[in-house]
Amino acid sequence: MNVISFLIGMTAVVSGICVVGLRNPLFSAFALVVNLLAVAGLYASLDAHFLAVSQVVVYAGAIMVLVLFVLMLLNLKSESGRRLGFVRCATALVVGCMVVMSALPPILAHFSGMSSSTVSDNMMSSVGTVQAIGRELYTKYVAQFELASLVLLIGIVGAVMLAKRKNVELAPRPGGLVGGSK
Amino acid sequence: MNAIASFAPILVLSVGSLGYLLGGRAIENVRASALFAVSLIAIAVWCTLGLSDTAAAAGFGIVVNSGTRILAVVTCIAGLVSIVATSGSLEGEKVAMLSEYYYLMLTSLCGALIMVFAADFLTLFIGVEVASLALYCLCAARVDERRSSEASMKYFLLGCFSSGFLLYGIALWYGATGSLALSAGGTVAVNAPIVALSFLMILVGVAFKIGLAPFHFWVPDVYQGAPTSVTTFMSCVVKVAAVATLVRVLASSFGFTELWTVGPLWILSVLAMTVGNLAALQQRSIKRMLAYSSVAQAGYMMIGLVVAGSAAEAIGATLYYVIVYCAMTIGAFAVLSAIGPDADSIDDLKGLGKRSPFLAVCMTLFFLALAGLPPSLAGLMGKVYLFSSALSAEFFGLAIIAALNSALACAYYFRVPVAILSTRDDIGEPLRVPVQATLAIGLCAVAVVVFGALPENLLVIVRDAAQSLVVR
Amino acid sequence: MVAAWPPLSSVIIVPALVALLAMGPWFARERDTNGRLCRIWALLGCLTTLVLLMSIAGAGLSNPQSFLRVEESLPWIPSWGVSFHLTLDGISFVFALLTCVITFAVIGWSSKPAAAGPAWYALLLLGQSAVTGAFLATDLVLFYVLYELMLIPVLVAMVLWGGVRRMQAALKFLLYTMFGSVFMFIAILYLGWQGVQTMQQHSGMSSFGFEIATLSSMPRLALNEQILLCLCFLVAFGVKIPAVPLHGWLADTYREAPYGMAAFTAALLGKVGLYGVIRFVVPLFPDALAVFGPYIAAVGAVGVVYGGVIALTQREIRSLLAYSSLSHLGFCILGIAAMSQMSVTGAVFQAVSHGLVTAALFLLFGTIIEREGASDFESLGGLAAKLPVTAFFLMIFSLAAVALPLTSSFVGEFLILMGSWTNYPQWTVVAMAGVVVGAVYTLTAYLKTMFGPASDTVPLRRSDISGGDLVVMSALALAVVGLGLIPSRVLSVVEPAVTLQIETRGPSGSAKGSQAGQRRGVEDDAQPSLSSVAAQTVSMPVNRDAAMEYVLDH
Amino acid sequence: MQSSQGLLTLLVLIPALGSALTYGIGRRLPALSGFIATLAVVAAFGCTVSLWRGIGVGAESVTVSLGSWLSFGSFSLPLELYFDRLSAVMCLVITGIGSLIHLYATGYMAHDPSRPRFFAYLNLFVAAMLILVLGKSLPVVFIGWEGVGLCSYLLIGFWYSNRDYASAGRKAFVMNRIGDVGFLVAMAILLQYCGTLDVVNLNTPQMLAKLPADMGLIAGLMLFFAATGKSAQLPLFTWLPDAMAGPTPVSALIHAATMVTAGIYLMGRMHGVLEFDPAVPATIMWVALATAALAATVALVQNDIKKVLAYSTVSQLGFMFVAVGAGCYGVALFHVVTHAFFKACLFLSAGSVIHGCHHEQDMQRMGGLAAKMPLTCVSYGVATLAIAGIAPFAGYFSKHAIFESIHEISNPYLTAQLPLIGFIATSVAVCTALYMGRSFILTFLGSYRGSEHPHEAPLVMTAPVFVLAALSVVGGLLLHHSLPTYVTGPLPPTALHEAAPGILGYLIGSVPGIVGIGLAVWLYLIAPSLTKTIRKFAWPFEKLFSGKYFIDELYDRAIIAPVAAISRIVSRTINQTVVEGSGGAIGVVTSAVGELTCRVTTGQVATYVLIMFGAIAVLLRLFV
Amino acid sequence: MSSVLTYVGLSMVLFVIGAVGVCLRRNAIVVFMCIEMMLNAVNLAFVAFSKLHGNLDGQVAVFFVMVIAAAESAIGLAIILSVFRNIESVETTDAGQLKW
C-alpha cells in the first residue's frame, strides 16, 4: 500500500465519519459521495478497474443522485429537535469499537499465517478487467446474473407500486409535490 | 441441461409472474389474480417435485436434493395457502395495486425458493434480497395507511442493516476460503476464528430474517403494521426460507459441532423463546401476540439446530416443526384476515363462536396447537420431536427452558380461545367467509390435526430430507 | 390368547363419537327445545360405553380364578417408538368404570348451566373419552396426550359457563397444570429416548420405547437419574391430584367452574394423577420411590390435616369441598407412599370412592347454591325441612365423606390406614387426626346448610330432587353404600393389578431385582405382541397362581 | 345350630329392616311408626332370648358369617357375627330395655310430626348397637361403634331446627370421632403384629405373645381412649351432658342404658390386650375415678333434671370403669345391667316429668310433683334408691361388687393406693346418693314452683317405667350371683365374694347411700336454709361444680379456639399468601418482566439497531 | 499481502462507522446512506479478498452487490417517500406508532 492509497483510505474514513456526523442530510450526502469516490479509488488501487468505474457511475452517479433528488424533493432541513443522548452516542461508539476489536484480530491472524508466495502469485492474476469480469459473469455466474435482473425488476415494480396512489384527490402537502411523482 | 432444468420452479415463478405486469386488465380482479398465482405456484410445486438431484458442484448456483426439494415444496405450499387464504380479504384491506401486489408476492416466493436452493453465498444473498425487497414493498401495500408504511420503513432499514452483516459474513467466508460456494470448507480449517466470525455475521443476517431475539424487533411492528395478507405470507414463507438457509449454511459450510455454532444458536434460541413468550404475555393485539409468538416458535425451531451436532435426528425435528408452524400460523393469520381487515384486538374475536363456528373451531385448534395442547396435536408432537432430540443430545438445560417456556406460553395463547368462547353485546352479524379462505383455513386445520395425530409419514419424509441436507 | 371384541379403543372412541354427533344440527335448540333428546342421546352414549367396558372386562371378571388384563396395541409413531397401547387391568378398569358412572351422573343430572346446549353434553363426553383414555394408556406419550386433552373440556366449560372470576380461575388451572406437566413431559421424553436406545441395544430394532412395559424392563437407571425423573413425574401428578403445596388452583377452579364440571373435575381429573403414580411412577422409579417414600407419605398426611384444617373455617361451600378433597386425597397419597398391597389397594378404592362421593356432593351442593342463589354458609340454613330428599342424600354422602363404616370411603381409608401403619406409623397417626377434622367440617357444612331455623328465602328454581335426578342420586348412593357393604368384589379385581404393579420390580435396589428386570426385558422382546405391526388385541385371563409365577419369573 | 345362626342374622336384620319399614310406612301413616318400631325391637328381643337360651343349652357361642366384607388377596375380613355370653347379656339389655323405651317413646313422641324419622333412627340405633356387641372382628365392631355414634348424632340433633341441638349432636359425633382414632390405632397395631382382628382370637395368649411390649401398651391405652369417647370418660366426656338435647327416650336408651356402655363392652371384649400391660388397668382406674368424682360433684349443683342424670351417668360409667380397672369385667357388666335398669327408669321418669310439665326441665321450677304424678314419683323414687346403692335395690349389689373388686386388685401399680381408691369410690357413692336425693326432693317434694299444669303421663309411658322400676328393685337381687360368673369364659373369671350377706350386711353396704340420701333430706327438705350457709362458704366449689370444672371452656380455649385460629391463619396466611399467592406472585413477576421486555420494543428504529448492534458485539466477543 | 489486509481493516472500520451511523441518525435517508456505506465497506472487503485470493469471485460479488444496492435504493427511497406522505416526516423517531 502506497502513500496515495493510504491517503485515499484516510479520505474514505474521514468522509465516512462526516456522513455520520454532519447534521445536515445534504452535507451527509455529499460526504457519502466523497466516500464512494474514495472507495472507487481504493478499488482502482486493488486493480479492480471495472469496479472502480462502475462504482463511480452506479453509486456516486446514479444512486447518490437519486438520494440527493429525494432530499431536495422533501426539502429537508437538518435533523430537528433535541440531540441524540450522550449515552446513546457513547454506547454506539463503544459497541462499534468492540465490534472492530473483536472482529479484526481473527481476520488479521488468519492471513498473517498465509505464505506470502501464494498470495503474491495470486495477486498477479487478479486483474479486474472488463473482459475478465465479463467472462466470469457470463459463464460461472450467469444464473445469478439473470436472477439479479429480478432484483432490479422488483426495484422498479416496488417503487411504482408505492409511489402510485389511489386517492389522488388528497390535498398537496406543504412539504412538497408528492402525489404525482410517478 | 439438467442444471438449467433445475431452475424450473424459479423460472416458473419469476417469468410467470411477469404475466401480472403484462396482463393488464385481464388480471385486474382479485379472483383472477389469485387464481393465476395459485396456478403458477402449483406448477412450481409440480416442477419442484419433478426435479432430479444435482451434483453440488455442477449446478449454476443451485443445488437440488431431497432436502431442498421438500423445503421448496413447503415454502411454495405455505405461500400458496397464505395467498389463497387471504385473497378474499384483499379488497377490504385496500391494497394499492393488485397486479403489482401479486407480482411482488410471487417474486418474494421466488426469492425464498432461491434461498432454499442456493448452492453458493452469492445466490443465497440474491435470494434473500429478492425475497426481502419484495416484502419491503408489500408491507407498504396499504399506501394510505400510516402503520403500513411505518412498518415497511422499519422493516426496510433494519433488514438492510442486517443484510449488511450477512454480506460481511459472506465476504469473510470468501476471504477465508477464496470461494463463494457453500460447501468449499475443504480449503480452510473450519475452526479458524475468521470462519467463526463469518458465521456469526451470517447468523446475524439470517437470525434477523427468522426473527430470533435480539434481532426480532421488527417482527411485532411489521406483523402488526403490514396488511394481514402480507403478514400471513411473510410469517411463514420468510421463516421457512430463512430456517432452510440456516440449516443449509450450517450443514454445508460451518458444521453443527463447533462451539461458535452451538453457542450462539443456543443463546439465540433461548433468548427468542423467552423474550417472545414474555413479551407476548402483555399483548392486546393479536397480530403482535402472534408476532411475538412466532419469535418464540422460532426459538423452538432452533433447538433442532443447536443439538444437531450430537443428535442427527434433530434437523428433522426442526423441519417438522417448521412445517407444523406454517400450518398453525397461516391458519391463525388467515382466520384473522377472514374476520376483517382491521381485526387486531383480542376483543375483536369475542363472539366469534356465534358469528362463525367454523372459524372459531379452527382458530381454537390453531391456538391449541401453538400452545402444544391436544386435540390439535401437531404442536405437541413437534415439541416431542424437538425436546426429545435435545434430551438425546443431552442439552438438558435447553430442553427444560424450552419446556418451561411452552408452559408459560399457554398463558397468552389461552386468551384467544377464551375470547372466542366469550361473548359481548355487539358481536355483529354472522361472518361470511370467502370460499377460498374456508378452504385454506380448513386445510390448515386438517394439517394441524393430522400432522399431529398421524405424523409417521411426515416424519419419514422429514428424516429423509434432513439426511440429504446434512450430507456435505 | 383370545382376541377380544370389541377392541379396547372403542371405549375411548364411542364417547368422542357420540360427543361429535351431539354437536350435530339435529340437536339444535329449535328442534330440541329442552335439550332432552340430546341428553338422552348422551346418556345412551355413556351407557354404550359402560356396556362395552363391561363386555371387554367380562371375561376377566367372570372367572374368579383369573385376573383381568386386556391389551390392545397399535403402532402409532413407529419412528419414535410410540405406540397406541391400551391396557385394561384391575386398576384401570375400576377407574374407567368410575369415569363412566360419573359422566353418566353429571349428564343425567337435570340441572346444567343455563346457556348450555348440546355443547355441555359434548364436552362431558369428550372429557369422558380423554379421561378413560388416560386410564387405559400404557404408552407414555399416549398417556401424556390424553392427560393434556382432558384439560380442554374442563377449561372450555369453565370459560363458557363459569362464575364471575372464571377467566382467572381457568388460567390459573391451566398454568398450574401446564407447569406441572412440562416436567413430566421432559421426563417422559428422556425416558423414551433411553427406552428406544436400550431396545436398540438389546434387540437391534427400533421398538416401542415409550411403553411402560419396555421402560420398566430396562436396566435400572442410576439413582440420581431416577430421583430427578421421579420428581418430574411427581410434580406433574402432584398438581393434578392435588398434593399439598401444589394445590393453588384447586379452590378457584372448583368455585368458578359450572358445578357439573366441577363434579367431573373433582371426581376424575385428580384420579388420573393418582393412577399415574401407581401405573407409571411405581414401576419406573422403584429406587427413587424408596428414597421419596417418607416425603410422599408426609405430603399425604400433611395434606389430610392441612386440607381439613383449612376447610374448618371456610365460609363458602365449594371452597370447603375443594379443601375437603385435598384432605381426602391426602389419604390416597399416603396409601400409595406406603407401597404395601393393602394400602395401595386401599388408595385405589378410596380414589374411586372419593370420586363418587365428591361428585355427588358437588351436584347436591351445586343445586342448592343454584336454588338459593347463595353459596356462603351465612346465608343458608334450615334447608332440611324444605328439601328433605336433598337433605337425605346429602346426609348419606356427608357420612360417606367422613368415612363412616359401610360406606365406600371407610373401606378405602381403613385399608390405607391399616396398610400404611406398618411403614409410616407417625404419618398414619397424623392422617388419623385428619379423620377427626374431617368429621368436624363435614358435619359443620351439613349443619350450616341443612339445620337451623328454616330461612325464608324464596327458592330461585324448582325445589327438591325428583325424577331423573332422584335416579342419579340413588344410583350414586347405592354405589357408595354398595361398595361399603361388599367391597370385596371390587377389591379382588383391583388387588392383583396392584400387586403386579408393586411387585414388578421390588422396591429394593438389589442386584437380584435388576437382573430379574433385565431378564424380563429380554423375554418381553420375544413376545410378538410388542413388535407386531397389525392391530392386535390380547386378552390374558390368566390363572391367578400362574400370574403370580409370571410376575416372579420375569 | 342352623336355626340359631338364622336367628342371629335376624337379630341384626330385624331392627335394620324395622328402621326402613318405619320410615317407609311411617311417612304415610305416622301413627303406625312407633308400633312398627317397637314391634321390631320386641322381635329382636325375642330372638335374643331364644338365642340366649340356645347357648345356655348347647354351644357356648354362635357364629354366623354374613359373607366376606373386606377380603382380597391374602387379606380376609368376613362380616361375621358372634354370639356368646357376653354378647348375650348386652343384647338382652339392648333389646329388652330398648323394647321398653320404644314403647315409652310411642307415648312420649305421640305428637311429634317427625315420629317416623325418630323411630327409624331409634331402630337403626338398635341395629347398630347389636352389630357393635355381636361383631366378631374389630372392624365389624367398629361398624356398630360408628353406627351408634351416627344414630346418637342424628337423635341428639333430632329437633334440628334448633341449631344448638344440632351442634350438640355434632359435638357428640366429633368427640366420639376423637376416640375413634384410638380405635383405629389399636386396630392398626393389632393387625400389624397379630395379623388378625378377630376379637376371640386376639385374647388368646399366643396372639398376645406376638405383641411387642411397647405396642401392647399403646394398643391397650388406645382401646381405652376409644372407650372414653363412647363411654364419656375423661377427657372426652363433655358431649354427654350436651347430648341431653335429644328427646328423653333417646337419653334413656342411648345415653344411659346402652350406647355409653359400649366402652365397657369393648374393654371386656379386649380384656386380653388391656391386661397385656398392667399400666393400662391402672390408667383406667385413675381416669375412671377422676371421671366419677368429677361428674358426681358437678351433678350436685345441676338444676336441669336431665343434666343431673347425665352427669350421674358419667359418674356411674366411671364406676364401671373402676371395675374394669380392677380387672373384674363381670362386675362391670353387672353394673352395666343394673345401671341400665335404674338409669333408664330415671330417665323415663324424668321424661314423664318433662312431658307432664310441658317440656320444663329446670328442677327449680318443679317441686311437689309427687301429688300430681304419683306413679312417676314412685318409679323415680325407686330408681333413686337403686342408684344410691341402698339394699336391696339393684344398684346396691352392683356397687357393692365394685367395692369388693377394688379390694381384690392385684395390679402392681395400684396396690399401694388401694385405700385412696376405696375412699374416692365411697365418697362418689355418697355424692351419688346426695345428688339423686336432691333431684328427687326438688322435683317431687315440696311445693310446685312452676307455672304449668303438670299431669301424669299416659299408660303407654308409665307401664314401661314401672317395668324398669321393678327391675331396679329386684334386678340386683336376682342377678348378683349369676351374672358376674355367667360371663366367665368370654371374660376372665371374677372372684365373687359372698360379702356380708343378710340384713346386716345389706345395711353396712348401704351406708354410703343412706348417708347421701340422709344428707339430701337434711339439706333440701329439713333445713333448706343450711344450703344457703354452705353456699356462702363453699362458693368456690359451687362455682367450680356448676361451671363443670370449666372443662368445656378449657377445651374451647385450649383446643377449639387455637384450632380455629390455626385454621384461619393457615387459610389466610399460608394458603392464600404462600401457596396461592406464590402462584400469583410468580405471575406478577413474570408479567412485569414481560412488560419490561415489551418496553424494550420502543418502536424506534434507532433503539432496535443499537440493541442489535450491541448483541452482535456481545456475540462476537463471546465466540470469536 | 499486508497491504491487502490493511484494506480489509479499512473496510471493517468503514462498516462499523456505517453501523454506528445507523444507530445514531434519525433521518431515514441518512440512515439509508449509512447502510449504503456499510455495503460499500463490504464491497471493499470483497475486492481486497479477491486480490488476496487472486480470483474474480469477489469482484463479481461486488458487481451484484451494486446491482442490489441500486434496487434497494429505489425501493428504500420509495418507502421513505411513502412514509413522508403519511406522517410528513422522514425522521425515524416520528415513525413510532407501532411499538410494545
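Letters A, B, C, D and E name the chains as they come in the text, with residue numbers starting at 1 for each one.
To be clear about the criterion, contacts are C-beta pairs under 8 Å (C-beta built on N, C-alpha and C of every residue); 3 or more make two chains touch, one makes a residue touch a chain.
What you see is a predicted model; the values in this text were computed from it and never measured.
Peer 1: What's the overlap between the neighbours of chain B and those of chain E?
Peer 2: Under the touch definition, chain B and chain E have A, D as mutual neighbours.
Peer 1: Show me the overlap between the contact partners of chain D and those of chain E.
Peer 2: Neighbours common to chain D and chain E are A, B.
Peer 1: Which chain has its C-alpha centroid farthest away from the centroid of chain B?
Peer 2: The chain lying farthest from chain B is D.
Peer 1: Would you identify the chain whose Cα-based centre sits farthest away from the centre of chain A?
Peer 2: Centre of mass proxy via C-alpha means gives D as farthest from chain A.
Peer 1: Kindly work out which chain lies most centrally, taking the average of its C-alpha atoms as its position.
Peer 2: Ranked by how close its C-alpha centre lies to the overall one, first comes C.
Peer 1: Comparing the two chain pairs, does A-E have more C-beta contacts than C-D, or is it the other way round?
Peer 2: Counting C-beta pairs in contact, A-E comes out ahead.
Peer 1: On a C-alpha centroid basis, what's the spacing between chain A and chain D, in Å?
Peer 2: The separation of the two C-alpha centroids amounts to 101 Å.
Peer 1: How many angstrom lie between the centres of chain C and chain E, each centre taken as the mean Cα position?
Peer 2: A distance of 64 Å separates the two centres.
Peer 1: Find the geometric centre of each of chain A and chain B from their Cα atoms only, then give the gap between the two centres in Å, rounded to an integer.
Peer 2: 30
Peer 1: I'd like to verify one number: the distance from the centre of chain B to the centre of chain D, where each centre is the average of its C-alpha atoms, in whole angstrom.
Peer 2: 78
Peer 1: Where in chain D do residues touch at least two different other chains?
Peer 2: 587, 598, 601, 603, 605-606, 609-610, 613, 616, 620, 624
Peer 1: Among the residues of chain E, which ones contact at least 2 other chains?
Peer 2: 8, 18-20, 22-26, 28, 31-32, 41, 48, 50, 52-53, 55, 57, 60, 64, 68, 71-72, 75, 78-80, 82, 85, 92-93, 95, 97-100
Peer 1: Using the touch rule from the top of the page, what residues of chain C touch 2 or more other chains?
Peer 2: Only 175 qualify.
Peer 1: Please give all chain pairs that are in touch with each other.
Peer 2: Touching chain pairs, listed by label, are A-B, A-D, A-E, B-C, B-D, B-E, C-D, D-E.
Peer 1: Applying the document's contact rule, which stretches of chain D touch chain B when the two form their complex?
Peer 2: Residue list for chain D touching chain B: 587, 590-591, 593-595, 597-598, 600-601, 603, 605, 607-609, 611-612, 615-616, 619-620, 622-624.
Peer 1: Taking the touch rule as given, give the residues of chain A at its contact with chain D in the complex, in rising order.
Peer 2: Residues of chain A touching chain D: 84, 88, 91-92, 95-96, 98-99, 102-103, 106.
Peer 1: Within the complex, which stretch of chain E touches chain B?
Peer 2: Result: residues 8, 11, 15, 18-19, 22, 28, 31-32, 35, 38-39, 41-42, 45-46, 48-50, 52-53, 55, 57-58, 60-61, 64-65, 68, 71-72, 75-76, 78-80, 82-83, 85-87, 92, 95, 97-100 of chain E touch chain B.
Peer 1: What part of chain E is in contact with chain A in the complex they form?
Peer 2: 1-10, 12-14, 16-21, 23-27, 29-30, 32-34, 36-37, 40-41, 43-44, 47-48, 50-57, 59-60, 62-64, 66-75, 77-82, 84-85, 88, 90-91, 93
Peer 1: Within the complex, which stretch of chain D touches chain E?
Peer 2: Interface residues on chain D, with respect to chain E: 598-599, 601-606, 609-610, 613.
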